[in-house]
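Which chain is which? They are A, B, C and D, in the order written, and residues in each are numbered from 1.
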Amino acid sequence: MPELRTEEFQINMGPHHPSTHGVCRLLLTMDGEKVVEAVPYVGYLHRAIEKICENRTYHMCIPILDRFEYVTSMSCNYVFSLAAEKLARIEVPERAEYLRVIMLELNRIASHLIFVGTTAMDLGALTPFLYGLRERELIMDLFEMTCGQRLTYNYIRIGGVSRDIPPQFVPKCREAVRIIGGKLADYEGILNENPIWLARMKGIGYADPQQAIAWGVSGPVLRASGVKYDLRRDDPYSIYDKFNFDVAVRWNGDNYDRFLVRIDEIRQSLKIISQALDGLPEGETRAKVKARFKPPAGEVYVRIENSRGEMGVYLVSDGSEKPVRVKTRGGSYNQLQFLPEIVRGRGYLIADLVAIFATFDVIMPEVDR
Amino acid sequence: MTQQELTAYIQSSFEGKLTLLDTGRAEPMFEVRPDDLLEVARRLRDDLQLKFDYLCNMGASDTRERLEVVYSIASTTRRLRMDFKLVLGYENPAVESVTPVWPAANWYEREMNELFGIEVKDHPDMRPLLLPEDWDQGYPMLKNWDAPDFVRMPEL
Amino acid sequence: MGVLKDLKNLILGMGITGKHLGRHAVTIQYPEERWTMPEGSRGIVVLLSDKETGELNCTSCLLCMQACPTAAIRIDAPRGEDKKRRLISFDIDFGLCCFCGLCEEACNFCALKMAPKYEFSTLTKDELVWDMKKLQEMGRDVDYVDTRKKKKPKESVPGPAAPKADTVASPPANAESAKPEEPKPETPEQEEGNG
Amino acid sequence: MLLALMSLELVHIFRWAYGLLADTGLPALWVLLISYALLGAIMFGVLAVLALFLVWWERKIAGHIQQRFGPMRNGWHGWYQTIADAIKLLQKEDVTIDARDRFIFFWAPVVCFVAAFLAYICIPFGNGLIVADLNIGILYIMAVTTFTIIALLMAGWGSNNKYALLGGMRSAAQVVSYEVPMVASILTVIIYVGSLSMVDIVASQQSFFTWFIFRVPFGPIAFLTYITAATAEANRVPFDIPEAEQELVAGFNVEYSGMKFAMFFLAEFLNMFTVSAIAVTLFFGGWNGPWLPSWLWFLGKTLLVVLLLMLFRWTYPRLRVDQLMEFAWKFLVPVTFGNLILAALMKYLGWYW
């Protein structure tokens, strides 16, 4: 009886597949259920944002960069404004800094709530997604009240913020902070100690800290592997040194810790927001910036801590009103680059690959730009 | 250590290789010659004082007169950040791949190669990243690039 | 031991989802109950007209056209013989518009506002290009704070605006008559703009 | 009032109809054939309506668990939404790929649909409301419910699609390995009833405390293991890896559309009802219950168990394939066999009521 000949077969997970957030294609070589090799193919969502920004004025770049990462587009506005302010050495008024921190942290919570929902959904539990979105609506209402839009805000501008907050923002924000803090217990009740969830998440997708740093991974994925590296602390920008919050770190770098790190981060962000709301000073919300903004010639690389890791903008200007080069860097870019390293040769099943891909929280606009 | 100490230390230890460019802002910007890029990169990473083990960003930029490849690096343990860049001409620009030192540069170099046309020597797997496989309309990110249906903003 | 703890957590999880069974739903039934956007939210762009005279506030200074990142606003206002621009057509292509609000901030004659309205979906793409008439009509019921510096001297009689001093653009009646002969003349430099 | 309720037993109507048919003077064989044909038609009608109701009910329960409304558009609270879906699926074009294995691809949904109905022959809906009281009732049902594996395998292999093949293989492994604990937990009940016929099982649980769920040491354990194995049989969430949307796009029914897909869909919901009907018959005393007519009791208890299955679906994530197998063989089988021995010991020692 000839020895049964088995061979690996290739399967395309993507480009449109229920669990690739956005349009990403993973070419999997499979040995039965086990994934031998996962090769990502990207570029389906490439809109050449950098080329578009090169023939737009600085103020026009901000709504364009809103679309660079639409889940936390507040941080996209912020990182570009910070770069322009560093080039032109603009002094941002105190109240604008506070408003910026409040908006950035609210946006981080909204992004993490989506993460909790989509990760649970990728593993089969459909209800936490709806609960996550229900909380996120509270934050969306806050954003709609201040800057008028629910997804692409165009709120943080060069020199400050576009509008002051309406009077009913502060009480509503405090109430949202209270509700979200309470509802976290619901997610933990359904998911954290659930034996099926533990079986699917614990010990799977171990990311070695040194390898993660070498591959440029940053943000919650890096902090879940025990590297205490948070740009709000290690490369301080804005007024984060005024608030006391601790960096959410976990040590054994598997799916479960990557999930818990983000829940801790939601709690830290809630702490920051309540402190920022208490200390919100009066004053105007935007420095004097000419309509045809012309920063002096120069180049700067600025990076901030986004919910998916380090988000940076390398801005080159030659004194004219249009930037010469806007190189944007997102966290998901390196995490997707790092994914094959984790999956190669560890005999993970396709279900684990879906879980790892979900806890990496990769979204495609940031990768393809 | 602060930025000034960093610049002083680098100028002293990397005598000819990294020349300081004064851009008058926080992070120091250095310039390196293309041929000793790898050696400088390896020393930056392994130097015990510096330990630049994290490549934040790597990208090319076309400033109409020349092509520049900029590396922004940081150290996760020493809280340091630094940029250095490489100037290349327009005719067949080439640069060595820094993936042996920082594997993170893998995709950045693939993207730079297909968008700017900068050839990256001995890169692990050089495939087009963002553009479709059968893309043949030149290198889009160059300033002098043009294509039949490329519409610029109306100049007002 | 382990099994009992797992069982407890499983039942606890079901308890949480179970108790939501009794709670009231948070979603609204769209066509019947509508979501009212809060004041100042960026819906569709509308042209505002003066409260008394009903003319457009727009003085065709083309600032909004320059501020728009996606070249969605197309204004045709050639310079008349008396060196003042006469507004002929003001189109906004909502297929291109990214609702960023930069035009509203660029306009300092409060002629343009983003009304809190969001229902304007159409079947075909070119129905999304709204001309001046439709923009003005949609802007009728939008109230706004008139921050324009009053050019007219403070004479008591509101009456018809004094022709000379009034720099507000020519009344729409004039734009109506000009419109039928050459509908929406596209000036050459805009032709190339709407990519 | 009580008397009126009592008289609502449906069995009298069937006897009266049978009597009517008998004295029309047709030969006995004809009468038998017509009555069974009529019974089949009634069963098909009742179960089809039941399946449609279950689909609607699941969407409403899911909606309210997730704090939204569920179908609201067609009719009050969307009651004829599933009928609209069924009609839509009926008239939808039946897209089939030509690289399929024609025969197997075509007959897979039919086998799945028929297998779902076969089990209802000896499920007692009420006092005397049973199509055929086979004396090997529960054994017959166990044999018939394993038909679904064949249907899933046929669907997986027939659609010539890698995802479907994976789904088919997974479902075969899963249903086979969960058959063993299910049968073992049923045996614990059979020991006490002494007969396989469903009517006897129900008869042995007349009073409230003789329900098997209350026979403390082995009853609840048997019920728990039965329910876990049953969710795996019906491919419900913690064990729904054959058509895990997130991994295999849609598992075995990825290439099916139109009426073929509807057949798989309805069969899945019917399986869910079968499994909870057996659970009610075995552990919750079938149709026994004071005051209300017997079939109403049966329907109420079964819908409660179905609600439990739905809660499983909308709370728990999904198990991985190897964890699922490991859980079945390494945990469920030892527990059920231990329970079986415990029950047998207690029967032998006489400590039961």
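Some points to look at:
Definition applied: a residue touches a chain if its C-beta (ideal position, glycine included) is under 8 Å from a C-beta of that chain, and two chains touch if they have at least 3 such contacts.
Please read all numbers here as calculations on a predicted model, not as lab measurements.
Among the remaining chains, D is positioned farthest from chain C, on the basis of C-alpha centroids.
When every pair of chains is scored by its C-beta contact pairs, the maximum goes to A-B. Nearest to the common centre of all protein CA atoms is the CA centroid of chain A. In whole angstrom, the spacing between the mean C-alpha positions of chain B and chain C is 43. If you average the CA atoms of chain B and of chain D, the two centres end up 64 Å from each other. For the pair chain A and chain C, the distance between mean C-alpha positions equals 31 Å. The centroid of the Cα atoms in chain C and the matching centroid in chain D are 57 Å apart. Contact of a single residue of chain D with at least two other chains is seen at positions 65-68, 314-316.
Shown for chain A are the residues that touch two or more other chains, namely 56, 127, 134, 190-191, 194, 196. Residue numbers of chain B whose C-beta contacts span two or more other chains: 152-153.
Per the touch definition, chain D reaches chain A in the complex via residues 62, 65-68, 162-163, 166, 237-238, 240-241, 244-249, 314-323. Those residues of chain A that touch chain C in the complex are listed here as 56, 59-64, 66, 127, 134, 137, 141, 144-145, 147-149, 152, 154, 162-163, 166, 186, 189-191, 193-196, 291.
Residue ranges of chain C in contact with chain D, taken from their complex: 10, 13-14, 16-18, 20-21, 23-27, 29.
Put simply, chain C touches chain A in their complex at residues 5-6, 9-10, 12-13, 15-17, 20, 26, 37-42, 63, 67-69, 98-102, 105-106, 114. Listed in rising order, the residues of chain B touching chain A in the complex are 23-27, 29, 53-57, 59, 61-64, 70, 72, 74, 76, 79, 81, 83, 102-104, 106-107, 128-132, 140-141, 143, 152-153.
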